[in-house]
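So that you can tell them apart, the chains are marked A, B, C, D, E and F in the order they are listed, and the count of residues begins at 1 in each.
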Amino acid sequence: MTDTGVLLAITAHPGDFVWRAGGALALAASRNQRAVIACLSFGERGESASAWRAGKSLKEIKQQRQSEGERAAEILGAEVLFFDAGDYPLRETDELLQRLIDLYRELQPSFVLTHAKGDPYNMDHPKAAEIALHARVLAQAPGVVGPGEVIGAPPVFSFEPHQSEVSEFTPDVLLDITPVWDTKLAAMNSMSAQGHLVEYYSDLGRRRGVQAQRNSGPNLGLPTKTYAEAFHRIYPQVTTELN
Amino acid sequence: MTDTGVLLAITAHPGDFVWRAGGALALAASRNQRAVIACLSFGERGESASAWRAGKSLKEIKQQRQSEGERAAEILGAEVLFFDAGDYPLRETDELLQRLIDLYRELQPSFVLTHAKGDPYNMDHPKAAEIALHARVLAQAPGVVGPGEVIGAPPVFSFEPHQSEVSEFTPDVLLDITPVWDTKLAAMNSMSAQGHLVEYYSDLGRRRGVQAQRNSGPNLGLPTKTYAEAFHRIYPQVTTELN
Amino acid sequence: MTDTGVLLAITAHPGDFVWRAGGALALAASRNQRAVIACLSFGERGESASAWRAGKSLKEIKQQRQSEGERAAEILGAEVLFFDAGDYPLRETDELLQRLIDLYRELQPSFVLTHAKGDPYNMDHPKAAEIALHARVLAQAPGVVGPGEVIGAPPVFSFEPHQSEVSEFTPDVLLDITPVWDTKLAAMNSMSAQGHLVEYYSDLGRRRGVQAQRNSGPNLGLPTKTYAEAFHRIYPQVTTELN
Amino acid sequence: MTDTGVLLAITAHPGDFVWRAGGALALAASRNQRAVIACLSFGERGESASAWRAGKSLKEIKQQRQSEGERAAEILGAEVLFFDAGDYPLRETDELLQRLIDLYRELQPSFVLTHAKGDPYNMDHPKAAEIALHARVLAQAPGVVGPGEVIGAPPVFSFEPHQSEVSEFTPDVLLDITPVWDTKLAAMNSMSAQGHLVEYYSDLGRRRGVQAQRNSGPNLGLPTKTYAEAFHRIYPQVTTELN
Amino acid sequence: MTDTGVLLAITAHPGDFVWRAGGALALAASRNQRAVIACLSFGERGESASAWRAGKSLKEIKQQRQSEGERAAEILGAEVLFFDAGDYPLRETDELLQRLIDLYRELQPSFVLTHAKGDPYNMDHPKAAEIALHARVLAQAPGVVGPGEVIGAPPVFSFEPHQSEVSEFTPDVLLDITPVWDTKLAAMNSMSAQGHLVEYYSDLGRRRGVQAQRNSGPNLGLPTKTYAEAFHRIYPQVTTELN
Amino acid sequence: MTDTGVLLAITAHPGDFVWRAGGALALAASRNQRAVIACLSFGERGESASAWRAGKSLKEIKQQRQSEGERAAEILGAEVLFFDAGDYPLRETDELLQRLIDLYRELQPSFVLTHAKGDPYNMDHPKAAEIALHARVLAQAPGVVGPGEVIGAPPVFSFEPHQSEVSEFTPDVLLDITPVWDTKLAAMNSMSAQGHLVEYYSDLGRRRGVQAQRNSGPNLGLPTKTYAEAFHRIYPQVTTELN
């Protein structure tokens, strides 16, 4: 990931990009890489339990989640675009696909982050991944209408589901996010709707960090206390040297 | 893979490192990285059909395979060590393990290449991988006797079996070997015992190259005609940036 | 499974709950647990070959299958609700989802039974499972409209497909249904449209019974001739003691 | 495969039946078996990059792809029917299903060829397979409207995706297409829109041929230079003798 | 499977070839194909519970199992060779491997039957499969000592474990054994040591028969009541026509 | 798990039963169930890095690990037996198998705990599981020599490897260990050789606890702060009621 190029994250709900990819986004931003989040819904139904219990209206909840998402994105140094495509259930529509095709063509992303293919606890997550992958393939074809040039083949990384062990998620990339851990923590703390998850994802960050240390060769020189995020590659890594 | 550090390849037979990892070895050498091959047998029984048919003795065949292996390694720019542990079948013995532990400790490799875990056509291949992985874990433990310091956790890459599609081999790394393709080709042509495989592995190099182009993002700038080798990671990649 | 709480079975067609879950349903009923079947279609196209061959009309066939289903449910001691959502193919619609969400909220089931995720012989089966699982997740969210309280996380058990060996179905629960075998047999015999299946599923009940005996520890004391049904858990078992 | 009976191939785009099943189709034709291709779209958006770049209109492109497809089918000795259901994305509609049900009933195919279930590079391919399999199951049911008699259970063979190694495609049938290789090559050469694939699929034909030789028992007597196509069975093979 | 060529079955214990492959063996014999069973042990410890309970000596038990095995083989029309390599546990030794290499070379089998790779209920079964496959690969190499010519690549079929559903066994070949069912039944009935299995395997024969009918195309014309045995191919099928 | 019956844990090293199964052991003990640990080695080479670095002798290290293991077992309320079979690598020998067979026969365990089948970081762990499973099958056979009666079929639970996500470990049982968490914590704190793991496994206990809450139906009434251990069943659960 060089300083040029765009990192595009496509998520179902606002919380997803904070808990699961906040480190990768902050890391990109810290290196002056542009990071853009396409958030397909406000998580207004599936991710806003306390607001509903407090008697808020749908409109209020959407606004609250949008504000939260924008604040968290700002903390991470990323831009966030809300697609308001509805959640619980999120559906693939031709219109949503086209808007994502347009975004791919405009941004020409170097890397794509999205959900993993399985999550028995939340059907919006695999659906968002499916939509993200479909739009990416469509954006590659000259025969598909859309602005600008067709895109190449940016690598796609699935971020980790909430219960990866029972979601058939195998981490094959452990990204050291130690330099931006405080930033991710601040973004997590800004998510009032799901505050109980801060400890859960802090634990996860530490555990993945220990595993990153345990799996790293002698060259990386990871810090004593490492934090990491886990990802799974959808396509093979192409490289000019083993690493 | 920086210019420092050692690339260690552990293979069952001499041909294996040429057909399946010759590109990675030549690429390392071309960057002044030390490349060492631990060849556990001469392939004297399983990989020397024509010599047996020509009536050669076991001793002659071992010498012939050793010469071929040394010549091929030299072309690739690598060192080769023969362990003469016997093939067809190759067995894990305490003595062989100890010799490999010693080698790991002496070389302190930055990267390890070995066979994949499955190959229904040749049981020496998964056995060599098993031995290589066992010795690596043992070399990490202070309680295991051996020279020098314990090793860290060098990444391990499985190279591709002969019929990967029916050996449960999924490529997750495609290494661009275009700059050293001529070197690999020369090494392959030097293997008289298995000359019929040159076309087969040239085809494979081209196909993996096309796939590398098809899977690469806009940043790599692969050449028009790309050659590649496929690998599978045994452990997750640890990285400080997505790539 | 205590005597309180509701067992909810969601199936594509009337036959499914008889052949594949009749034992579990009868067992619940025999323990005074309420057992409710949500039957998404009448199996009017996919499961009524003989009626079509006899020249019955669609309306007649639906009525016949409804009668059969009700009679079988009565024998098992369960209630059956028909959703008339159409079969061959069964489709997920927002309306069907909402009706199931409402049912989950009203019943607050303690256990859920549905189809397995794969069945290359009948696409309605995995679709019904998908719908059942989607509705369950939606019924958990306060932001999703519906009557009564949101539900907790009732365990979900997939019952066995017709040809489990080629449907990627791995039994991980063998339920002893010996005490209610006669009831299941009576229910099966009441299904005139698919009478040829009685022997097939009697065989299966015996085989699963033998396997239950072979896999049970010394504490269960299974009868000499045991009948069993096989299930697969969608979510991990949560327990306060190993069992 | 006897001389009687129909081979039905259901593909998403015109190229698919040429590159991936051209040998099986030509082989059937060479034995006077009727071979029919149901081509669900013209590949007008996803498979016609050069035409779009040359500024052709959608109508022109469809006509061009239809002509190419018809010419290739003719070379192979097969009939091709275009369904014009649209590509990128191809969608399952009730109308498309019904047209395929009708075709199954009219043809009463002895064998069915279609795409594999996975292809992360082209979502039309698994979708076409899903549609083909759904229609096949529906065509078996007397309760589903359609012309003629219901069909039996013709075996289904998935042909090989473009990058089978990363598409979870395991070849379990290697079909010797040596007698018709020249025919397949001619059909491939007639596909001007995707001419760069001729070398890629010629390589693949050779590699699968080498593997066919390596996996064949002593009875087949394969020619010195064998060409083969790989397939995966969706359903178990039923046979009256091991082969 | 033509009338020429040898069918070689390699099993851990005498019962295995009766319960799991008796149909295939009898079918071969009925077509005048030579069928040879290499039975690696007498099943003296793991398969002779009632004899031990009756206080028989090891020698008596071996003799009894040998007699039973020979009688059953005779009924099936096959030859049986006992290797007396010991069971519970069966071990791979160089000597056992060599005897099997010799047998492969002498028989030049056209087809090989052996156990499946997994069986959590009996570790001798996967071990016998491993030994059979190792010996087959070794017998192919000119550098491995042994009588006669090296062998080709005879297809290998795993027969079905006792509890296939929890042994990761997927049937991909269903062999119609209806013409020899009475023979298999007679052989099963001759196995006094394990008489309780006759019903279990008769059930299985019927169930696999029903599945064979359900999966067969229109060309086979299976009888009304079909019996079948299930197998799994270790290597891809090589064929000159789809079937 | 009733108050009667024995829980038998078979582990490679002393730490294993503390970190990975300490909760299950303490829970059994708290219910007056006898808990016995068969610890196959002292972990003298693979699990005692700091002692080696401190210059201790092999004898001293074994004694230290034995003391630690006995203290930890005592805290948990369990008995520990050391087999001193050697570690790094642990090997299956006939003698070790026989000693375990004898133990199975003497204890007649109701439940068995052991390692999971995969662990790419420590080859002793899967080997210990293999040995434990082999001995269990052997102890079931009347033909295998040993004291007392043959055993039945006690369920086997794999406990969680150190990096379950990359060890193909899927949790299918989450055991609530909240009532004995303090006991497990005390046992962990008593392990001076691996003190850095206390935080790691406390994190894991919390995470599995959150997941237990998230996956439990309405009947369990888990406490606000739940701790859990994850297990994987080797054999299907046999039950007289769904739970």
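As a convention for this text, a residue touches a chain if its C-beta (ideal position, glycine included) is under 8 Å from a C-beta of that chain, and two chains touch if they have at least 3 such contacts.
Keep in mind that this is a model prediction, so the values were computed, not measured.
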item	value
Listed pair (E-F, C-D or D-E) duplicating the A-B contact set, over half by residue number	D-E
Equivalent-chain rotation between subunit F and subunit D, CA atoms, steps of 5 degrees	180
Centroid distance [mean C-alpha coordinates] between subunit F and subunit C, Å	36
Residue numbers of subunit A (touch at least two other chains)	121, 166, 171, 211, 214, 230, 235-236
Every chain pair in contact, whichever chains are involved	A-B, A-C, A-D, A-F, B-D, B-E, B-F, C-D, C-E, C-F, D-E, E-F
Subunit B to subunit E touching residues, read off their complex	44-46, 48-49, 51-53, 61, 88-89, 120-123, 166
Contacting residues of subunit C [partner subunit E, same complex]	121, 163-166, 169-171, 199-200, 203-204, 206-207, 210-211, 214, 230
Subunit D-touching residues of subunit A, taken from the complex the two chains share	97, 133-134, 137-138, 141-144, 234-236
Interface residues, subunit D side, partner subunit E - complex	1-2, 5, 7, 24, 27, 31, 108, 110-111, 151-155, 157, 171-176, 211-212, 214-220, 222, 228, 230-231, 233, 235-243
